[in-house]
Amino acid sequence: MPENLGFIGLGSMGEPIAANLLAAGYGLRVYNRTTAKTANLVAKGATVAATAADVASPGGIVLTMLSDDRALDAVCPVQQSFVEKLGPGGIHISLSTISPATARRLAQHHAKYKVDYVASPVFGRPDAAAAKRLAIPFSGPAAAKKRIEPILAAISASHFDYGEDPGCANVVKLCGNFLVASAIESLAETLTLAEKNGVDKVALAEMLGKTLFACPVYQGYGKQIAEQRFEPPGFKLALGLKDINLVLETAAAASTPMPLASLLHDRWLSAVAKGRQDADWAAVSIGVREDAGLK
Amino acid sequence: MPENLGFIGLGSMGEPIAANLLAAGYGLRVYNRTTAKTANLVAKGATVAATAADVASPGGIVLTMLSDDRALDAVCPVQQSFVEKLGPGGIHISLSTISPATARRLAQHHAKYKVDYVASPVFGRPDAAAAKRLAIPFSGPAAAKKRIEPILAAISASHFDYGEDPGCANVVKLCGNFLVASAIESLAETLTLAEKNGVDKVALAEMLGKTLFACPVYQGYGKQIAEQRFEPPGFKLALGLKDINLVLETAAAASTPMPLASLLHDRWLSAVAKGRQDADWAAVSIGVREDAGLK
Amino acid sequence: MPENLGFIGLGSMGEPIAANLLAAGYGLRVYNRTTAKTANLVAKGATVAATAADVASPGGIVLTMLSDDRALDAVCPVQQSFVEKLGPGGIHISLSTISPATARRLAQHHAKYKVDYVASPVFGRPDAAAAKRLAIPFSGPAAAKKRIEPILAAISASHFDYGEDPGCANVVKLCGNFLVASAIESLAETLTLAEKNGVDKVALAEMLGKTLFACPVYQGYGKQIAEQRFEPPGFKLALGLKDINLVLETAAAASTPMPLASLLHDRWLSAVAKGRQDADWAAVSIGVREDAGLK
Amino acid sequence: MPENLGFIGLGSMGEPIAANLLAAGYGLRVYNRTTAKTANLVAKGATVAATAADVASPGGIVLTMLSDDRALDAVCPVQQSFVEKLGPGGIHISLSTISPATARRLAQHHAKYKVDYVASPVFGRPDAAAAKRLAIPFSGPAAAKKRIEPILAAISASHFDYGEDPGCANVVKLCGNFLVASAIESLAETLTLAEKNGVDKVALAEMLGKTLFACPVYQGYGKQIAEQRFEPPGFKLALGLKDINLVLETAAAASTPMPLASLLHDRWLSAVAKGRQDADWAAVSIGVREDAGLK
């Protein structure tokens, strides 16, 4: 019978993932800074913990889905944390998109309490999380990874093992987001060139999505950019800039020049300077059109 | 019964396309600068013309598949050309990847002889041409397009109408090539970042091709770049630079800044400076690794 | 006694240069497409030729100061040109900013008539031309250079010999313009960063011009950009784009990636797209401010 | 009579500045982590303090010249620091090149002890410091600035007031370093283009330094890059990367895209990846040549 798990962070991603764990038969003790978010999960069988630390039981497993490095730092390397309570044999499955450097630092911190840290950032948006269509790269100690595979299977369509280094899965996640942002920039330049030459942008985006680039990233962003439709945001532009910054930091730490990432940084930063931080990140394409003199 | 067609240019792309026309029942008069290339097609029923002009018959249709703008200029706007011989009611189906400006200029030239120019550049490599898996954007006069649709259907998997402007189909073709080159650069930076962080590059490329980027461009180039395998060339690096230059020229003529295209230009130019012009164009990724201090 | 010279092209640069030759005692036969421009020079002793070819006498010297490669091509490699009329022993001093490739091609053309081509593009604006403060890099056949040195001395503050290759002096001229454009971009980014941080831009520009960058380029453009004052144009933005394009063409021909030149190209192109082609080229700095969300 | 001052940090810049203060008649209590460095100054009349805090006297003035933000953080916001000892009426003259954000934070910290923070980063190298040829932008509270002006006059050729915001002088210093790095990149591209076209690089650099760019930055770096001579380092490449990173951080905090700074970042990072961190920062030009296929 599936064991009891702890879960911290019930935002738009955390909640559907937690719901899938309940559906798979896991017991769940959940914690969220604002408790209102817990109601749906309680109705499905979860219990609510009073503090982040209280979701843990000795030797057990805790999943976290928090917004960034800082949020994770606020619950992990603190006094009487859930990590301390997990203790020997415990596992922390960290689902957030954070810096590989933070992941490596947390893994070292956890080791002091004999807790294993498994980096498991997820690819996919809330609807994909709900539909169990997430893809999860993961990395960490071998025994811990073996123990948690059924859990990853319960919340994703596929998961991919990247070895023992806790930073590796996060590098992979950043690589994926960098590729998506690159595709957005290239589509934005393409469709602006097309528009300036009198080519039907919507038809072009559709053709590309049926032929050379028959995959969701190009189909979705191609259509969005061709139609210049950025509300409601699927992924906020400001969060995209955060991820591009993580890419550049990670690249700098490894002495890896990434001129395309630099270009994306400048494009996203300009969009923020122009007040577009809350739009979908494909709204950077507005800047491409402005640079070409279009309104 | 399908009519007789003329066909000029029997290189690695032209020959399989011509063969498909024969297979579809079209009669074919072919011309190639070096006649050796015609043997296979003659065996399948084609007849060989002594000059480029001789493939044409009054009011008929001629297809050309030549290497670049200059090669096309050598057979079209010349004295006693096939265009002159086609005359009123004739159609020129131009399959080459050329500049939209050249296409527009040729269309004006043809108009003097009452010949319609239909731009029909093709997406796909020789194997795709042979298997009728090409995708063809096309543009030109409406009546001409209607008459040639069965011909396009005989040589491609799909074709897409981009209106009357003869430049538009060429803009679309350049857009597609720009997107592929952009994907190569972004994969090269991604896989170098991964390598420098100890991530298994081959596994990463495979995962991306199964999840976020499940389309042939990312699957093929991801694998090639992860394995650093660039021989034999599928598409030569020097030809890629030619196309990026066409993109930048077309963009400049339309006052459209394309910083990513500029970045690609510099990357490709450096690869040529280092002597890699005859390798597959994914060999630009070697430069990305060198910039990061890898051998 | 100074000999008689021919002079073609009496625009804002050509006229003051021609006047300096008259002042130095040279006889001058001048030609300009619009004859109105010749009046001042006639008053100073010049005679007016009916055609461009008529300024030349056998074995003599002709100077040209025309706007671009095309204008030069319209008078040189044509039938009964001044080059033909110069014939054996003649020298063409070409003062225009053109492509090194055009210079090399013209030199070969001239050689058919045994005329020496000396590339002598000039650094400086009309006021510097009038005040004999021009700097002139020059290159061409040794004997010809020796013969023309008094002429260069009569129109400039300093001249610099770059050997026999007629392209070299033009490469040098393009290098200089590239450096100035680079200084403009770096000042624009600097002063925008300063403005966004509440630093007094005008004071900063002044300080830089008194300390690290105590030279006219930084003093002039620093002040202009800090004050956002671009009328009247000292050098039109569209002409700047022309020169940056010549730099990139020359660099491409020599397989030399110049990422900073690419960045300048995109910046200048965007300014043209936004309608600033007739402002001073320092007006590209408006785009830098716009990218940072400033009005 | 000049008062007694405290001085912390006697590296290659700190020592000659301290010596100039002694020469101007100031009494000096000095502190350096490694005491060996104090001998010369003691010979000139300085006394040595046992701790950083001991250089301060209540209401007095302390100058610091430390290597970076971290080094400054190690002596300022700590228990029983020199700031605490200065107390009401005290002034801290901070000569280091640090982030404006750090300067602003330190000023707030100092305010708790009623100590005024005056940002006074210096332009110039050790030889310029010794010769009193430094240029110093400074910013901070008006009364404090008035009191320290004789001190700045004793160690520099000129100083420039940038108002009350303690961050502003540091922004100015970063702007200056960014401009120098930009000049290096533009010279490197220029001289590589020249070399590839057979132009005499040394002659070109010399001409530029006599004409358009007759200022020390272009004269010095032009010659260095033309001759490819980078030892001994005048300013280490790794320190240059540190400063470019400070520029980008400061720009990001102010939502100011600086694409040229991004380009410099990638160029410098690649040089570090190739092992050139200890050479003079003009050694980034080696990478420009490598990209063009030169050895």
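Order of writing sets the labels: A, B, C and D. Residues in every chain begin at 1.
FYI, a contact is a pair of C-beta atoms (placed from the backbone, for glycine too) under 8 Å apart; a residue touches a chain by one contact, two chains touch by 3 or more.
Please read these numbers as outputs of a predicted model, since none were measured by experiment.
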Practice problem: Go through A-D and B-D and name the pair with more C-beta contacts between its chains. | Solution: A-D
Quiz prompt | Reference chain D; chain at largest CA-centroid distance | solution = B
Quiz item: Roughly how many whole angstrom separate the Cα centroids of chain A and chain D?
Solution: 40
Self-check item: Separation of mean Cα positions, chain D and chain B [Å, integer]
Solution: 54
Quiz prompt | chain A: positions in contact with at least two other chains | solution = 251, 255-259, 263, 266, 270, 273, 291-293
Quiz prompt | Touching residues (chain side chain D, partner chain A) in the complex | solution = 245, 251-252, 255-259, 262-263, 265-267, 269-270, 272-273
Quiz item: Which residues, counting only chain D, touch chain B once they are in their complex?
Solution: 259, 266, 270, 273-275, 287, 290-293
Exercise. Spell out the part of chain C that touches chain D in their complex, as residue ranges.
Key: 100, 123, 135, 137, 158, 160, 162-163, 165, 167-168, 171-172, 174-176, 178-180, 182-183, 185-187, 189-190, 192-194, 196-200, 203-204, 207-208, 210-218, 247, 250-251, 254-261, 263, 291-293
